[in-house]
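In what follows, structures are represented as C-alpha cells.
Heads up, the next two complexes both have chain A, just with different partners, chain B and then chain C.
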Partner chain A sequence: MDNAILRRRKREVLGGVIVLAALALLPLPIKDVYTQNLIIITVLFAGLAQAWNILGGYCGQISLGHALYFGVGGYVSTLLYLKAGLPPSLGLFAAFGVSGLLALPVGWPCFRLSGHYYAIATVVVGEIGYLLFLNWDFVGGATGVFIPFHGESWAQLQFKTAKLPYHYLVLAFAAATWLTAFLLEGSRWGFAWRAVKDDVTAARSLGVNIFSSKMAAAALSGGFTGMGGAIYAQYVGYIDPDSVLAGHFSILIALPAVLGGVSTLWGPLIGAAVLMPASELSRSYLGGSGRGVDLMLYGGLIVIVALARPQGLVSLFGRKDDHARIA
Partner chain B sequence: MLTMQDVAASYRGLKALQGISLEVGRGEIVAVVGANGAGKSTLLKAIAGQVATEGTILFDGASLAGVPPHMIARRGVGLVPEGRKLFPRLTVEDNLRLGAYAKRGDPNRFAPLELVFQLFPRLAERLSQRAETLSGGEQQMLAIGRALMTQPRLLMLDEPSQGIMPKLVDDILAAVSRIRDLGVTVLLVEQRLVEALEIADRAYVLQTGRIVMQGAAKDIAADGAVRRAYLGM
Partner chain C sequence: MPALLEISHVSKRFGGVAANVDISFDVQQGEILGLIGPNGAGKTSLFNSIAGEVTPDSGEIRLDGVKLSGLGPVACAQRGVARTFQVVRSFDSMTVLENVMVGAFAKHASSRAAMRAAVDVIAFCGLSPRMDRPAWSLSPPEKRRLEVARALATEPRVLLLDEMLTGLTPTEAQSGVQLIRDVQARGITIVMVEHVMEIVLPLVGRAVVLNLGQVLTIGTPAEIVKNPDVIRAYLGDRYAA
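Coming up: the complex of A and B.
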C-alpha cells in the first residue's frame, strides 16, 4: 500500500533531478541570445505557473489576479534597491514576503466568494493594483522605474550581456516551486487543500478550516509569484505597470498550468515549454504580417489542447493510473 | 449527549426546520425518518453548523451556537454526509488519513484504522485504489470509515443506504450497530424506515420541517398510521 505511493514519490524525485540536470546543461551549447532568452522566459514561467498551481491547482481556487503579486514583487525588490540600497539578491526574499502577505488582505474578502465569483473578484483586485501603481508617483507612476547598472554582480543580480547567470537564477526559482509542490503533495496541508478543492462540506466535517486553508495556499502561491516578479524585474532592468501588473500577466501565469495540467507536478513546466515558445515563435514569424495573427494561432493552440486533452498535456505522459489524479 | 431545543433553520429565509426539540443520549442509536424534503438532512447540517440556525443546540452540555463547522467536527461530532462526498481522486488510504486531519501531533491518530478495517475488511484490500473506482457500497463504507477516523463521540449518518444495493444496506446498518456497541453514539437519518428502525433505539418522525412523532423505534415501526401518513407505505 504505502509502497506504491513511495515508489511513485521516488520516481518523481528521480524525474525532478534528471529534468533539473538537463535544464542546467541545456543553455551551455547555445550561443544565440534570442534562444537563450526564450529558454529563460520559459523556465521563469514554468516556475510562476507552478506557484499559481499551488492555489489554483491543488487548492482549486482559480485566481486571475496573480499579476498583482508578480508586479508587486517586481516593485518591492526594485524599490528596496533604489531607495534603500538593499541588494536585489535579498530583495527577492523581501518580494516573496510582501507578495505573500499581500495575498492575505486580498484573500480575506475574496475567499468569501467561491467558484466563478472568486475568479471574477481576483480579476478586479488585479485591475485595482494596476491602476494604483499607474497613478502612484512614489513608485514611478506610468513612467515606471529603471534599474541602473552598477556592474556585474550576483548580489545585485546584474549581468551586462551574459544570459547564463539569469538562466541559473530562474532555474533555481522554478526548482524551488517544484520542490514546494512536491513536498505539499505529501503533506497535511496538501491533503487539506485537495480536500477543500474536492468537497468543502466533507472537508469541514473532518475538521479542516476551509478559510485558513485557502489563505495559506494563497500566501504561499502569492509569495512565490512575487519572487518570480522580482527576478523578472532584475532580468529586464525596467518595470512599469504595463509590463508587470497588466491583466494579461495574470492569464500568462495561469495558462501554462491549465494547459499542462493543474494540480500536477509536471503540468506547469510542460505547459510553459509549449506555450512560451509557441507565443514567441508565432509573434516573431507572424507578428508583422497583420495585427493579431500570432495571437490567433496562439489562441487556436489553446483551444485544440483544451478540446483534445482537457486534463492537460501532462496526461499524454505517465501511466493511465496517474491521469485521473489531474484536474 | 446532544440536546436540541426549539431549533429552527432556514435557507435564505425559507424555513426548512421549525420547533425541533430532540435528545440523543450517550450510547443510543437515534433514527430520524421521514419522506423526501422533510428536513432530515437539514437537521444534521444544523448540528454540524453548516446552516444558520436559531434555538439551542447543546453538545455535551456546551452550546454549538456560533461555533464554526470545522470546530464542531473537532469537538467530536462526526458526519457522514449525504451522497458520501469522498475525495474521488485520492486513494482510499488518503481519504482515511484525511479523517485524522484534526488530530495533528497525536501519535495515536491513525489508531482507528484498525477498527475501520475490522468493520469493513474490503477497504483494507483497496487501500491504494482511488476512491472514485470503488462501488457504491464500498464508497459508503469509506465515508463511514473516514468519519470514524475523526474519533467522533457522536456519529451522524445522512442516508447511508442511498444508491447502494439492498444486500449491502443490511451490511452497512449492521456495521452502524457495531459502531454503537463500540461506544459511539449514533444519529441516523434514513428514508428506509424499516431497516433504520430495526437497529435504532428511538426514533423521530419528521414531516415538512417539524417533528410529528417520537418514541421507541419499535413502537414507531409498529404504528400503522405513521407508515401510511408520513412514509407512504
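Coming up: the complex of A and C.
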C-alpha cells in the first residue's frame, strides 16, 4: 500500500531520529551552565507539552489543570524516596502510575462537560489540588519537601554539578512522549480521539465509545505529566505547592503545544523551543523589575499565533499533502 | 423468514410533540425500504431511534431478534446498524482515508487491517482519487459518498441513509442511486429517509409513509402513489381522488 498516511509516517520516523540525534549532541559543546539549564528545561517542557497534547490536542479536551498531575508526580517520587526509600529512578514510574490513575476520577465528572465548561472544570480541579497540598502536613504543607543529596547516582537521579545526565534524562522522557504520541497517532485510539475531537455524534455512530476514549487519553496524558513532574522535582531538589502545583504550570504545560500546533507530533517541541528561551531571557534580562513580563510575552505570543497562524507554528513547515492535519 | 429489523409499537414524544406514535413495521433482509412523508412526519425521529441516537419512550426495535432500542448509538453501530447524516458530519481535520478508517476500526483492531479495509470501501464508493485529500475539501456530493463509505467500513447489516439524495443535481442523484444499488448488491439492507418521492420510489421495494407521527400506509411504490391518503397528506384534500 502507498498512501499519504504511510508516507507521512515514514517521514516522521526519519525526522524523529534526526531530531533525537541532534538533541543528544547539542549540549556537548556547551560549557555554560545557564544555557545547559535552559536546554534541559526546554526539552522537559517539550515532553510535558507532548503529554498534554495527547489529551488536549489529539482528543481535543483542553485541560488547564495539568499542574495537578505534574505536582502529584513530583510529590509521589519525592515522598516515596524520603519515606519509603524507593529510588527516584523507579519513583518516576510510580509517579506515572499515580498521576495516570488520578486522571480517571478527575475525568469521571469533568468529561460530562464539554468544550469551555470542561476547561473551566479542570482549572478548578487544579486549584483544589494546590490547596490540598498547601494544607496537608504529611506532604510538608506550605514549606514543601527538600530532597537531601546522597551522592551522585543514576538510581537516585542525583548529580551534584553535572548537567549532562539530566539532559539525557529529560531527552529520554521527551523521546518517550514523542514515541507514544507517534504510535498512538497511527493506532485505533489515535483515530478515535481525532474523531471525538472533530465530531462527537459522527464518532459515536461509527462505534467509537466517547467516554472511554477520553478517559484513556486523560490517563496517558496525566501519567506522562506526572513522570515529568517527578523528573523536575529531582532536578530542582526541592518542591513545594507553589513550585509544582501552582496554576501557572498548567498554562506552561499547555502553551508550547498550543503555540507550536496541537495534535501534531512536532508542535510541542517547536512551541517549547520558542517559549522557554523567550520567557527565560525576558526574566533574566529584566530581573526583579520585570516580574510578570514573561506572562505578557505568553499572552502576546498567543494573540499573534491565534491571529496569524491558528494552526500553530508547525504549520509554517507544513507540506502540501499534510494540509489535512492542520485544517 | 423472520424480519432482519423489527420496529414494534415505537412511540416518542419531545415535550408536547408526539413525534412517533405506535409505529410498527418490519424490514426484510436485503431490501431497500423507503421511509417517506411530508416535513414533520416523524421520519428523522424514527431514524434516530433505529440508530440508537434517541431512546423510544415505548416500543422496541430488534435486529435479528435482539433488542437494540435503548442501547445507544455505539452499541447499535457495533451490532451492525450504520448511518449517514442529513447534514454531513465529516471529520474535517482528517483525510478521506482517515475518515473511513475510523469506521473500519469498529471491526479491525490493527491499523494495517483497518487501512486495507478502508481502501477497499473507498474504491467501492468511487472515492479513490480523493483518498488522500482532506475531508473538508470535498464537494457536497463527494461528502455524501464519504459518509456512506465511513458507514460501510463498519461492515453493517443495515445501512440507514438520511436524505442522502436530497439537494443533489439530477446527475449527482443518479450516481448516488447507483451507489445505493451497489450497496444492496453486497447484501446490505437499506433503510432510506427521503422526502423527494420521485427519487425514492424507483429505488425502493417498499416504502413506509409517515404522517403526523403515524404510519399512513406501507406498500410498494405503485400502491403508494395511488393511495388517496398519501396524496391528501402531501398535496391536501383538493387533490385527493
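To be clear about the criterion, the second predicted complex is superposed on the first by the 310 of 327 C-alpha atoms of A that agree within 3 Å, B and C clash if a C-alpha of one lies under 4 Å from a C-alpha of the other, contacts with A are read in each partner's own complex, and residues count from 1 in each chain.
Please note the rule applied: a contact is a pair of C-beta atoms (placed from the backbone, for glycine too) under 8 Å apart; a residue touches a chain by one contact, two chains touch by 3 or more.
Small disclaimer: the values here were computed from a predicted structure and weren't measured.
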In the superposition on chain A, see if there is space for chain B and chain C together, and answer fit or clash. clash
More residues of chain A are touched by which partner: chain B or chain C? C
Considering only touches as defined above, state whether A:244 meets chain B (first), chain C (second), both or neither. neither
Identify the partner contact of A:209: answer first if only chain B is touched, second if only chain C is, both if each is, neither if none is. both
Is A:187 touching the first partner chain B, the second partner chain C, both, or neither of them? second
For A:274, using the defined touch cut-off, is the partner it touches chain B, chain C, both, or neither? Pick first, second, both or neither. neither
Which chain A residues come up in both lists, the one for chain B and the one for chain C? 1, 4-5, 188, 191-192, 194-195, 198-199, 201-210, 324-325
Quick check on the complex: what are the chain A residues that touch chain C? 1, 3-5, 186-188, 191-192, 194-195, 197-199, 201-210, 263, 321, 323-327
Going by the contact rule set out above, which residues of chain B touch chain A in the complex? 48, 50, 68-71, 73-74, 78-79, 81, 85-91, 93-94, 97-99, 101-102, 104, 127-128, 130, 132, 146-147, 149-150
In the complex, chain A residues that touch chain B: 1-2, 4-5, 188, 191-192, 194-195, 198-199, 201-210, 324-325
Given the complex, residues on chain C that touch chain A span 51, 53, 72-74, 77-78, 82-83, 85, 89-95, 97-98, 101-103, 105-106, 109, 111, 114-116, 119, 131-137, 150-151, 153-154
